[in-house]
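In the part that follows, the structures are each spelled out as structure tokens.
You will see chain A twice below: alongside chain B first, and alongside chain C after that.
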Partner chain A sequence: MLFKAIYLLPLLPAIGVLINGLLGSRFGERAVAFVACSTVGISLILAIGMLYQMLIADPAQRVVTSTLYRWISDGSLQINIGFLIDPLAMAMIMVILFVGFIIHFYSIGYMEGEPGYRRYFVCLNLFIFFMLVLVMGDNLILTFVGWEGVGLCSYLLIGHWFHKKSASDAGRKAFVVNRVGDFGFMLGILLVIVTFHTVSFAELKTILAGSHGIPAATLTIIALLLFTGAMGKSAQFPLHVWLPDAMEGPTPVSALIHAATMVNAGVYFMCRIFPFLQQAPYVLPIIAFVGLLTAVYAACCAVGQKDIKKVLAYSTISQIGYMFMAVGCGIYIAGMFHLVAHGVFKGLLFLGSGAVIHAVKGEQDIANMGGLIKTIPVTSFTFLIGLLALAGIFPMAGFFSKDAIIMGGYERFGIVYWLFGFGGAVLTAIYCGKLFGIAFLGETNFKGHIHKPNFFFNAPLVILAFCAVVLGILGLPMFTKNTYFAKFMSSSFNLGAGGHAAQGHGISLQVEIILTLIVSVFAIAAVALALVIYSRHRKKAVGFEARHAGLMTVLFEGFLMDKLYDTIWVRPLKWISKNSNEVVDHKIVDGAVNGTGKVAMGTGKWLAAMQAGYVRHYAVSIVFGVAVFVGITVMLLF
Partner chain B sequence: MNFVIPDVNLISLLPEIILLIFATILLFVQTGSEKKRICALLAFIGLVITLVMVPFYWGKGIEGFGGLVIRDNFSLMCQTMIIVAVLLAVVYSYQYLVFEDKNIGEYYALTLTSVMGMNIMITGTDLIVIFLGMEILSISLYVLVAFFKTVREGMEASVKYMLLGAFASAIFLLGISFFYGASGKTALNAFVMLDGTSAMAMPLFFMGLSLILVGLGFKIASAPFHMWAPDAYEGAPTSVASLLSVAPKIAGLAVIFRVGIGMAKYSPEIMMTIIAFMAVTSMIVGNFAALRQSGLVRMLAYSGIAQVGYMLISLLGIREGGGSALLFYLFIYVLMNMGAFGIAVLLTKEKDKRLLIEDMKGLAGQHPIIAFTMAVFLISMAGIPPMGGFFAKFYVFKHGIEAGYLWVVIVAIITTVVSLYYYFRVIIVMYMTEEEEKGILPKHAEVNLFNAVLVAVALLIIVLGVIPGSLLEIAQHAVAF
Partner chain C sequence: MDIQNLPILTIIIFLPFVGSIVVLFNRERMWVQSVSLVTALLSFITTLVPFWIFKSDVSAFQLEESIPWITSLGISYHLGIDGLSLFLLPLTSFLTVACILVSWNHIKVKEQLYFVMFLWLEAGVLGVFSALDVFLFYIFWEVMLIPMFLIILIWGSANRRYAAIKFLIYTMAGSVFMLIAIIVMAFLNQKMGSGFGFDLIDWISLDIPFKLQAWLFVAFFVAFAIKVPMFPFHTWLPDAHVEAPTAGSVILAGILLKMGVYGMLRFCYPLFPDAVVYFTPTVIALGLIGVIYGAFLAFAQTDMKKLVAYSSISHMGLIIVGIFALNATGIKGGIIQMVNHGLSTGALFILVGAIYERKHTRDMDKMGGLAARVPVLATFFMIIMLSSIGLPGMNGFVGEVLLLLGAFKFKWWVGALGATTLILGAVYMLWMYQRVMFEEERSGSDLVFSDFCLREKIVMVPIVIFIFFIGLFPSFFLDRMVTSTDKLLSYINKQPVVVAMIGDNTQIHNQGLEDEFRYTRR
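Presenting the complex of A and B:
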């Protein structure tokens, strides 16, 4: 059985880290890349084998656990190093390893000749390792280890070009904002430990399925705290501000970490702890609201962006918002389907943008591109496929996945919620059309020689584009809850006796088809319109934007969230820290610390001075000890 | 009165007999630099044989000499740790004895007899047997400390150590005689008799107990009986200091554990208060005095005093299975302390020159692997995850709190914070300072086997920090009577 070798999945990338990290200084670039890619590649092959075995297995036997050893044991609390693979984890593993492998491959060409080539691949492998630990861990603590590990890798990779100040600043910002979320996450874990005395997902699920007698308020607080962590990691409003800046990292990193895998960890985690969400009454609507807000907000911001990667970054935030909408509506499977589809097409888009940036020698402003379809056709067409999938155009994967979410929103929360979701979808279509219209169509604005992308660029793009088209099959048959994907995933989400599925209004097939058609038609129209406007009538469009410069700035700056944070957090903190540096630190703390240090050092000096070297002094010390012991004996006896 | 010949079961003392045979053979090896390798090898083989025997004894609880000696799991676990420590010390000695050509056979013979003494201490169930073991150990060590006859500090340290050791032994013996007077026996399981003895015997009994603890406190270098330790460690050859700083502490703590187990049923407050006093003073004295030290070995000596304080905390919870925490801590302590002393051995340039912490400047730049292993040992001693020292402290503190000695644990945590200063000072010196002079390491230090041993020890510490479970289970098994 392949499942006996579960631990090999994360182990192999870890071996890659060790080989490249310890011995890599003697390797050439190709050898480093070969080690990094092959370890992930073998893991991918193993994972595909496991996926196959899981598919032919009976749905009830699709949950596999494997415990390596007991890590910490403290009374009733046992924490194992163990892995849990069920369809939910399997879907994530496939995204991580498949997209991860392709991006490893792509990086061979992209990073060629860059300084820090080995460091880059070590971090990339380390990231795959931690990401697998995150999704495969069978308990909260192990997941948390992976959670922090990917955060670390993200920090290292965003700041890969650390001599660039903006890059190291962006890395730090990502780190700090994530700490806010992780603080909630940690509190949540602690509360789980205190309440349940276990951190194992399987045991928690069993406890929650029975009559546990734990008040709903406690469950609500736990769920909200854990959701805070998910918000940080998955860049949900208002903790999203780090993600656009994270684009300072190399583009393959943006594709892997900030589009396909890590930022989706929050969605995965919410699905993993869905028994909590089901029993915590107010949490699901809160998640649904945060998701919707983020989806629409980020889509607006994306329209106003000028940098090709920033458009995609905001679009990622927006799409993850859709995933959280799905979670909030209780249709976890639809959320996971969108996660998988998004992982593929957003990975494709980022890799495509990387190829474009490489072709135009580091230019990222879309206004300076234009007409690229004539010079780099493969990149352009695959990019177009990715954009169509993002905009949710039939028959791309994004159409099926997003439609299910918007429909689920209607079913659960009614027409107003649907309208906003629909509006977000239209906005998505608009910025997709705008991006392609400006950058790839019309006359070219780029003066200079264009680098033709080579095999390392094109092969990954074509593979991902193919997947972005055919993945939609998983969403068939439409308009039912029994899609192929849902059938596969169902064993992860079967509720115990005490659970209950999400309740909807129950809508008829006709309504569903009509609403889907409305969304589709509007999306297609929006894409087409934006395409035409920004390619044929670019001057007019630019003029229109110039007349509404204020609005565009607001959109460009992400509704001035950074400024807001600067005002309410950064500046007061700077002020406080400046003052505390002068007053509190120098006078009070330094005084106290130095005082303590002086006392400690003084004690040490005194003790050392007692050690004068005379035997008689030493003997006196022994006599003193005898006296104390006898004294204790006498005191306690009488 | 008819005399019953006790049931002499020589199997129970087979490891000691083997050690004695090897020690005797070593005495006959002619001295000379070309024989160094043979001597080290003989000592090594003798130790490995006794180590290999441990699994065969495991779980059998073989008794000998009418119950005077018992090889239960606890003593086997201690024996394993002692032999591991001494094996490392033999490796260090082989490295270190480039300075000396004379009497190498005697050096290793004395090392083996000291192991024999410690083994007798940990297997003995009778105070007289334990005293015998203690004296075999002590006399071997007195000579070893003064092994470099031309080094004045070594001679001085040896004399001091011997005088104070004799003093402590006398107190220990006085304690035994009180004990005998109160209970009529010298066996540690004589506490059974207590119920029948008169009320007058009780004060005498406890007085004897506290004096016995003084003698043992001296052996484990716990405050306020610690003062010999820094001088002796610094004066002794560094390889002997490494042995001195680890192995006798294992034996002494094992005896205290046996006494405590015997006491556990009868008003243990007196013993627990004495142990708490020793623990607190050791932690305070050790950690604070270490702050001021400029010599590496001296700093490690005070750190060792502090570590003993932490280990004593586990004995406060002796009735709640604190012994497992003690064994866990001891095992980690063996690794990290022997590791740090190994670095000291490696860096010592001349036999009569003190190694200063300042001398380690820029070590990381020139010898990254050695600096890294040293960092692992120090971080583990400071009790920071993911090193084994973290879990060692964690379990000890846990048992201390469960036994109701929260205030002791609070002192322990505060002094741990203090200890960060002097442990990290070394790391800072190694990593943060520019390399000033080339070639910190003396020429003889370019031995790859030695480095490999250090790396292995460091890796083991990390592994035990990541996977502490199995060692803890063995330890729990060993203290389950």
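Presenting the complex of A and C:
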């Protein structure tokens, strides 16, 4: 039974970290890459074996746990190092290891000859390790371990080219903004501990399933605090500001961490703690609102971006917004499906953009590309498949997953949510079309020799493109709550069986089909229109953008959120810090002390005028002082 | 001979002292250094011995040794340890080994005296951590000041005289109050207990009236608070650190600061439990100010050593909050965090020292890009920094979680304010790391220097191993301190105490208090 060895999944990448980290300085590049890739590869094979066993097992038997040892104990509170695999974790594990392995492989070629090659692979392996700990941890604290760990790897990898100030700043920003979210996460954990006296997911689920008598207000606060953590990690408005900057990292890192896996951890985590969400009345609408707001906001920003990676970054924020919207609608499985599909096609898009950037020697501004389809056809076609999946065009995976979410919004919250979800989908289609039209079609604006991508680039792209097309099968049969994916996942969400559609308005199949068609038609039209405008009539389009430069700047700068934070947080805090140091501590606190000291010294000098040297000086003062004090105290007491 | 019959604590305390005498036999550099190193290593091994003998389920003091000393004054040579001091002894001896290795071939003047001072310092601190006779404790407490004072005064940097004297005045000022309180306690023992004497165990059984408890608590507490140091008694620390030599800073931050917290737990808790409860809000407020204010100050620094010094104030503030949260979680967190802070901050000072040796500056505005030039040093620095900001898997996280949980159990908003350290710590530490290690060289200096040498690696590797060991297997430590923390808490909870749950009003009714001092937790 492979399941007995679930701890091997994270252990293998950890071994890779140790081998490369401790001994790697003696290895060549290929040996380092071999160690890193093979450890993840073996984990992937094991995971596929486990997936198979899980599929043939009875749905009720799909939960496997393994406790290694007692980690921290405090009275009745026991925190174990223990792992848990259920369909929810399995879905994440497959994304992490599959996309992770492909990106490891891709990195062999992408990072070739770069300084810090070994450091890069050590961090990448470490990331896989922590990400697996995050999704496999059987308790809140262990999830938090993985949570912080992936944050660390993200910090290290964003700042991989640390000689650039922008890269170092971006890494630090990512870490700090994440920590703001983690502050909420930590408080949530503490509140769980004092309320439930356990952090184990299984025990929490059992307690919540029974009549626990815990006030809904407490549960609401817990859920909101934990959601704050998820907002930080998953770059949801207003804690999203770190993700666009995170594009300073190497592109495979953006693909793995900032598209396919880590940034989705918040969605996974919300699904993991869904029993809380089900019982906390106001939290789901809040999550849905934040998700929808983020989805539309980031889609707007993506339209205004000039850098190929930033378009994708805002698009990621937007798509994760959709996932949160699904969670907020109580359709967790649809959220997870979009997560899986998005992990594949966004991974594809980032790897594709990496191939493009490599081909045009580091150029990232899409305006300076153009016509690439003629020179790098494989990259271009796979990129197109990714974009179509992102835009939700039939029959790509994104079509099935996004449709379910927008429909869920309608069912749960009515037409307004549907309209905004629809608007977001159209905007997505527009920026997808625009990106492809400018960068890959039309005239070539890049002067210079194009680097043809080699096998290390193309193989991953083709595999991922294939997956992006066929993954949609999991979303069949359509318009039911019983898709293949849902059947697989349902045992993880059995508590919330009523949570899928029961609270919704309940809409008929006809309406559903009509709405789906509307979204599809508009999305196709928007992609096509944007494609044509930005390839054939680019001058007009550029002219239009130039006439609305103000609006474009606002979009480009993400509605000036960075400037806002700089004004309301960074500057005031720096000011406080500076003045605490220069005024409060030096002048007031230390001044008072030195003043007292001077008085004491004066007295001391007077008392010990005959003595020379400081030590004796004090000795005399002390003896004298003590004698006086003791005398007085003793007289007072007795 | 059975190991249990050996006077182990005496051996532990006096081994460094004996070693320091052997050091004096020869003035040659190799002799001085080697003997010191061997002594420190032997001392480290002996401090590990108690782990084998220590029974974690016994609440009384263990490895006790008691010999009458000045019988007319009731002073005895009384030693013993519990689950609190068990970990502080090896921490002390371990950091002393590190200090000797750090100073290897780096001392230019009065080398012999330097190493002798370090061994004396070690002996004094080990004595502080194992004395159960309060007079004996006070002697060790004061004796250990002299080597520290001299280390700053003789081997410090430019402004060392000012810093050394400030350090001395501050600590002495605190000690005076404590001495008065100690003498008063001896008289109290005569009046209420078994005659004029200084034995802690006798004192614990005294039932001191509340008003007197409050005065005595304050007298003891001020001495310890200065040592920690707590806001607003902290201003000596940055000066002392900046001027002290690297090894001096390591001992200062790694061990001496712990003596303050140790004192609070060892004396304030059992002797003045009612006063502890009464003063808890004040102390916690000062602790929280320390956490936040220290972090803001750390952020404003350009001198690396000052930054680390202020970060200590922030971290120690959280420890104070935890141990005064009046629950076992916070106290356990406090004890384990003392060890953690000793390791990680000690290591940070070693690294800052290593950078100073290479760059001849600690000004972060004149650094940058070091990660490309000294990758091994940068890696160690990264690991230590992460330990310091409490990354899970490393030691700091375990302590931080327990401390915050303890604070949170006390009052949710205390935990919340304490948890800002998660953000603030990351802000100033990562900013320091970036300015020193990342980006490009800012000073334009073309100094040529090498990466970590073998000696420096030998210092850092064990620290890193301990960091991960505590982070991954904290139960090894927590299990050994449970009985002692429960006992500490039992002094406070003489009467049953309902542990506060979120949102409800809980009262501590302590009938030992007079009515007017009944203190309500709300």
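A few notes on this one:
In this text, the second predicted complex is superposed on the first by the 577 of 638 C-alpha atoms of A that agree within 3 Å, B and C clash if a C-alpha of one lies under 4 Å from a C-alpha of the other, contacts with A are read in each partner's own complex, and residues count from 1 in each chain.
Simple rule for what comes next: contacts are C-beta pairs under 8 Å (C-beta built on N, C-alpha and C of every residue); 3 or more make two chains touch, one makes a residue touch a chain.
None of these values were measured; they are calculated from a predicted model.
The partner that reaches more residues of chain A, of the two candidates chain B and chain C, is C.
Contacts of A:542 after superposition on the shared chain: neither chain B nor chain C is touched. Once chain A of one complex is fitted onto chain A of the other, the partner contacts of A:517 are absent, as it touches neither chain B nor chain C. In the superposition on chain A, A:367 makes contact with neither chain B nor chain C. When the two complexes are overlaid on their common chain A, residue A:70 makes contact with chain B and with chain C alike. Of the two partner chains placed by superposition, only chain C is touched by A:182; chain B is not.
Judged by the touch definition given at the top, the superposed model places A:159 against chain C, while chain B stays out of reach. Residue overlap on chain A between the chain B contacts of one complex and the chain C contacts of the other covers 70-74, 600, 615, 618, 622, 625-626, 629-630, 633-634, 637. The touching residues of chain A, when paired with chain C in their complex, are 70-75, 115, 141, 144-145, 148-149, 152, 155, 159, 162-165, 168-169, 172, 175-176, 179-180, 182-183, 186-187, 190-191, 193-195, 218, 573-574, 576-578, 580-582, 584-585, 589-590, 592-593, 597, 600, 614-615, 618, 622, 625-626, 629-630, 633-634, 637-638.
Chain C makes touch with chain A in their complex at residues 149, 165-166, 168-170, 172-173, 175-176, 179-180, 183-184, 187, 191, 231-232, 234-236, 293, 296-297, 299-301, 328-329, 332, 369, 371-372, 386, 391-393, 397-398, 401-402, 404-405, 408-409, 412, 415-416, 419-420, 422-423, 426-427, 430-431, 434, 437-440, 472-475, 478-479, 501-503.
Against chain B, the residues of chain A that register as touching in their complex are 69-74, 600-601, 603-605, 607-608, 610-611, 613, 615, 617-619, 621-622, 624-626, 628-630, 632-634, 636-637.
Of all residues in chain B, those touching chain A in their complex are 159-160, 163-164, 167-168, 171, 202-203, 206-207, 209-211, 213-214, 217-218, 224-225, 227-228, 230-231, 269-270, 273-274, 277, 284-285, 288-293, 398, 418, 421, 466-470, 472.
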